[in-house]
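Each structure below appears as structure tokens.
Shared between the two complexes below is subunit A, which has subunit B as its partner in the first and subunit C in the second.
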Partner chain A sequence: MTRYLRLIRIFTGATISAQLEYRANFLGAVLASLGEVGVALLGIAVLFGQPGTVSVGGYSFHQALLVVGFFMLTEGFISVFVQPNMSKIAEAVRTGSMDFTLLKPIDAQFNVSTRNLNVLRVTDILIGLGLIFYAASFLTVTLGGVLAAAVMYLSALVIVYCIWLALSTTAFWFVKTQNMSELFNGVFGAGRFPVTAFPVPVRAFLTFVVPIAFITTVPAQALTGGLSTLLALASPLVAAVLFVGSRLFWKKAVGSYTSASS
Partner chain B sequence: MTSPPPNVAVQVRDLRKSYTVHEKDPGFVGSVKSFFNRKSHEVGAVKGVSFDLAPGEVVGFLGPNGAGKTTTLKMLSGLLHPTGGTARVAGFEPRKRETPFLKQITLVMGQKQQLIWDLPALDSFLVNQAIYEIPEAQYRATMREFTEVLGLEGILKKQVRKLSLGERMKCELAAALLHRPRVLFLDEPTIGLDVNMQESVRAFVRDYNQRFEATVILTSHYMADVTALARRILVIDAGVLVFDGDLASLAEQSSGGKTVRLQLRQPISLAELSRYGFDAKVDGLSAELSVPRSEVSARAARLLADLDVADLTVEDPPIEAVMAELFGAGKEKAVAEGVG
Partner chain C sequence: MTPFLRKFRVLFSTQFALMTEYRAEIVIWMLSGTLSLVMMLVWMGQAAAAPGGQIRGFSASDFASYFLATWFVGQLLVVWVAWELDFEVRQGTLSPKLLRPMDPMWGHYSGHVAEKIVRFPIMLVLVGLFAWLAEARFSLDWRVYAAVLGLVILGFTVRFLWEYSLGLLAFWTESSTSFQEVVWLVYAALGGLFAPLAFYPQWVQDIAVWTPFPYMLGLPASLIAGKATLEQAGQGMLVLLGWLAVFVLVRVWVWRVGLRKYGAVGA
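And now, the complex of A and B:
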């Protein structure tokens, strides 16, 4: 365990140094973050901007803002921790450098998941946290709510990681998988809005088929104390099942890997 | 499962690998057809290869493109699962990729790289130090040796993307050997390098082999790599081991005989020289010709008696010529030593 923490420290040091090589990239990253938050805020501004609208899907403006906050936070998590690693899986399979990864005496899934960070997108995380704190200051939040939200959101992060891992792992068979992350981003865009704002069939789809509801709406509900016990139990369970499932899928992919010919 | 005796570093028995290959007709229509209905068939890449390597042994692994060299190396390093047969490397079954096994081997591929592109090589070394759990004192000692033998001074702190191909390959080698593996799989380690760089890579491999008694399997397109490093040669063609023996006896396989080089004091016509052997060449006062292996001394004596010879040398044909003949003439001609 301490060994893996040490490895994370070394990997993080290396990836941050690598990014400091490209300073001009920084401005672009900040603009991208601002663009993301702008689009998300515009979405709820349009909804609540209608004269006479005080709630959407049972969500007040500030509750909806909370969902946007979790959405941005998750965007940040993906941009900083998940996507920089997962996008490299397909590349490594295509160029054959996956060979080196698989011959290292550490867990290969750990290796591909922790090697890279996109520190420049940390702004997304800060904006997300800022929005959550701002929105929460208008709402009644209990200590229990904060703890529940923390557990729900931790599950959410596991869920996000597992979905990305599973989609990226298909690279072992299909080699080119850029469209997989587009697929995720397309569906995840729905996470900007509380799931209750959608018609029931869509809501069911976003909860049970692609678990987007668990990523933004459920933590927001937990924070304001409006979470049903069923969803509170389901979220960590879904996370655990996805974690085991995506790990098995990864193992299977590595097992059938026949590396790109020399 | 029988473990090999301790004096065997690599044991390979009837190793086989076949691939499923997809076929596609050329052109757009072919692509569409194959998208919906993929035709595939099994192709044998390695068809029953057996050999043993002793600890500290260096072998050259030769064969034309697509003969199964890389596939064999990948099976021995654990990247590919064999379709049949067994392999034991350093006492382990490679396909399981157990941690103690992975810490004892390394795979270097001349056409692929593991160094972090945007950082100095030193950063990649630190990453590998952590991954392989190399103690600080050992890391420092190894780095000192490698820096000296490979001449890494001054290039370790430059970003990898700014290094020349040769400099990068030296760093790749250092990164791959930092954990002092006992078994080295080197797949075309000198590809694309200039002659000086090739020589320093060879010197490094030779030095490492002697210092750590490491077992080395080397594939290369450059015969010089093989002749400089390996006493023993394995030749694989179309997935079958067609030769296993030392360099000299590989030359024996050649039906082309030996090459006689002459320095003459008086010019000679090609026709006249051709009476003494075949493949005669004349260039001013220099000449060369091939003579049958069994008649080398008789023909040389005649040449010395008949002509005004300043100097005469007898050489084995260049290994390239032997290989060209071996693969050109088909494997049935190459009677392998100790192989079926």
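And now, the complex of A and C:
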């Protein structure tokens, strides 16, 4: 275990020093973050800007803002920690450099999941946290709520990681998978809004088929104390099932890997 | 046939062959642009919950019609040339294209048009399916669709030219695609991707009428949804023609200044 922690430290140091070579890209990353938060805030602002509208899907303005905060935080988590790693799996399978990863005396899934970071997009995480603190300052938040939200959000991060891992693992058979992440982003865009704002069939789809509801809506509900016990139990359960499932899927994929050109 | 048209035809047929190869990707690119569909679902939920089932005269079915039309028009206005230019300038693959007896812009333009033709039949199927699911109703007047076609061709060309100008900023900066994303946000907001323009505060509408955005996206969508008149379409075309002239000049100017700045990789 300490060996893996030490490896994470080495990986982080290496990837940060590589990125600091391209400092000029920081401006671009900031613009991209602003664009991202702009889309989310405009959507909410126009909805609440209509005369007589006090709630969207039963959410007040500040509660909806909390959902936007969790959305941005998750965007940041994906951009900084998940995507830089997962996008390289397809490339490694295509060129055959996955061989070197599999030969190393550490767990291959650990290696492909922690090797890279995109520190430039840390602005997304800061914006997300800022929005959450701002929105929470207008709401009544208890200590229990904060703890519950932390557990729910931890499950959410596991869910996000597992979905990305599973989608990227398909690269072992299909080779071209960047488009998979495009599709994920398309569906994840629905996470800008509380899931209760959608018509009932779509709500069911976003909860049970693609668990977007657990990623942004459930943590926001937990923070304001409006979370049902059923969802509170379901979120860690979904995370655990997805974690085991994606791990088995990864194992199976690696087992069928035959390197490039063979 | 003039030499220019002959060259353009050859470019177009190669690009068309290329794009039909990418048909599976095109479906996925289409499905990843979901913002107007997400907004549609949220607004439908809002209308259903509102007293009287309407918001500013829009029922759930009206919202479905408007946003599906926005999705349809938005798909026809998709432009990715800024990414291609960014790549070509940084990797130096622009250099051989400069030797050709034709502005490289035409290659990109024909590629975009070819992709739209491949995209169109798939779009019709998807819009039909979504319209059936969401109970949307579209205009049945053929003149509306003639006007929409005119607005979309003008709007697409205007957008292509401004994206091309932004893409050429790659001569100076490595962040040109990020500027592109910020401009996209303005386009999406004032174009009416989040809500019909009438839903915005008055001062935003007053600014928006001077920009090309509402006429290329919101106006054709409103026409299809039966919420705008043909007179408005005529006015919109005139505004777009004005902006077309502006962006033609901007593009030529940025191209001339940028080329002087361009030093190919390895040169």
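Basically, the second predicted complex is superposed on the first by the 261 of 262 C-alpha atoms of A that agree within 3 Å, B and C clash if a C-alpha of one lies under 4 Å from a C-alpha of the other, contacts with A are read in each partner's own complex, and residues count from 1 in each chain.
We take it that a residue touches a chain if its C-beta (ideal position, glycine included) is under 8 Å from a C-beta of that chain, and two chains touch if they have at least 3 such contacts.
Quick caveat, the model's predicted, so the values are computed rather than measured.
Enquirer: Looking at A:Q50 after the superposition, I want to know if it touches subunit B, subunit C, both of them or none. Which is it: first, second, both, neither?
Expert: second
Enquirer: Which partner chains sit in contact with A:V202 here, subunit B, subunit C, both or neither? Use first/second/both/neither.
Expert: Once the two structures are laid over each other on A, A:V202 reaches subunit C alone.
Enquirer: Is A:T2 touching anything from subunit B or subunit C once the two structures are fitted on A? First, second, both or neither.
Expert: Neither partner.
Enquirer: Is A:S17 contacted by the first partner subunit B, the second partner subunit C, both or neither?
Expert: Only subunit B; A:S17 stays clear of subunit C.
Enquirer: Quick check on the superposed pair: does A:G96 touch subunit B, subunit C, both, or neither? Answer first, second, both or neither.
Expert: first
Enquirer: Which chain, subunit B or subunit C, is in touch with more residues of subunit A?
Expert: C
Enquirer: Looking at the overlay, what does A:T140 touch: subunit B (first), subunit C (second), both, or neither?
Expert: Neither subunit B nor subunit C is touched by A:T140.
Enquirer: Determine where on subunit A the residues touched by subunit B overlap those touched by subunit C, and list them.
Expert: Looking at subunit A, the two contact sets intersect at 22.
Enquirer: Within the complex, which stretch of subunit C touches subunit A?
Expert: 25, 28-29, 31-35, 38-39, 41-46, 48-50, 55-56, 173-175, 177-179, 181-182, 184-185, 188-189, 194-195, 199-201
Enquirer: Inside the complex, what are the residues of subunit B that reach subunit A?
Expert: 19, 70, 74, 77-81, 97, 99, 102-103, 105-107, 109, 111-114, 116, 118-119, 123-124, 126-127, 130-133, 159, 187-188
Enquirer: Which residues of subunit A touch subunit B in the complex?
Expert: Result: residues 3, 6-7, 10-11, 14, 17-18, 21-22, 95-97, 99-100, 102-106, 111, 255, 257-259, 261-262 of subunit A touch subunit B.
Enquirer: Please give the residue numbers of subunit A that touch subunit C in the complex, ascending.
Expert: 22, 24-25, 27-29, 31-32, 34-35, 38-39, 42-43, 46-47, 49-50, 52-53, 56-57, 179, 182-183, 185-187, 189-190, 192-193, 197-199, 202
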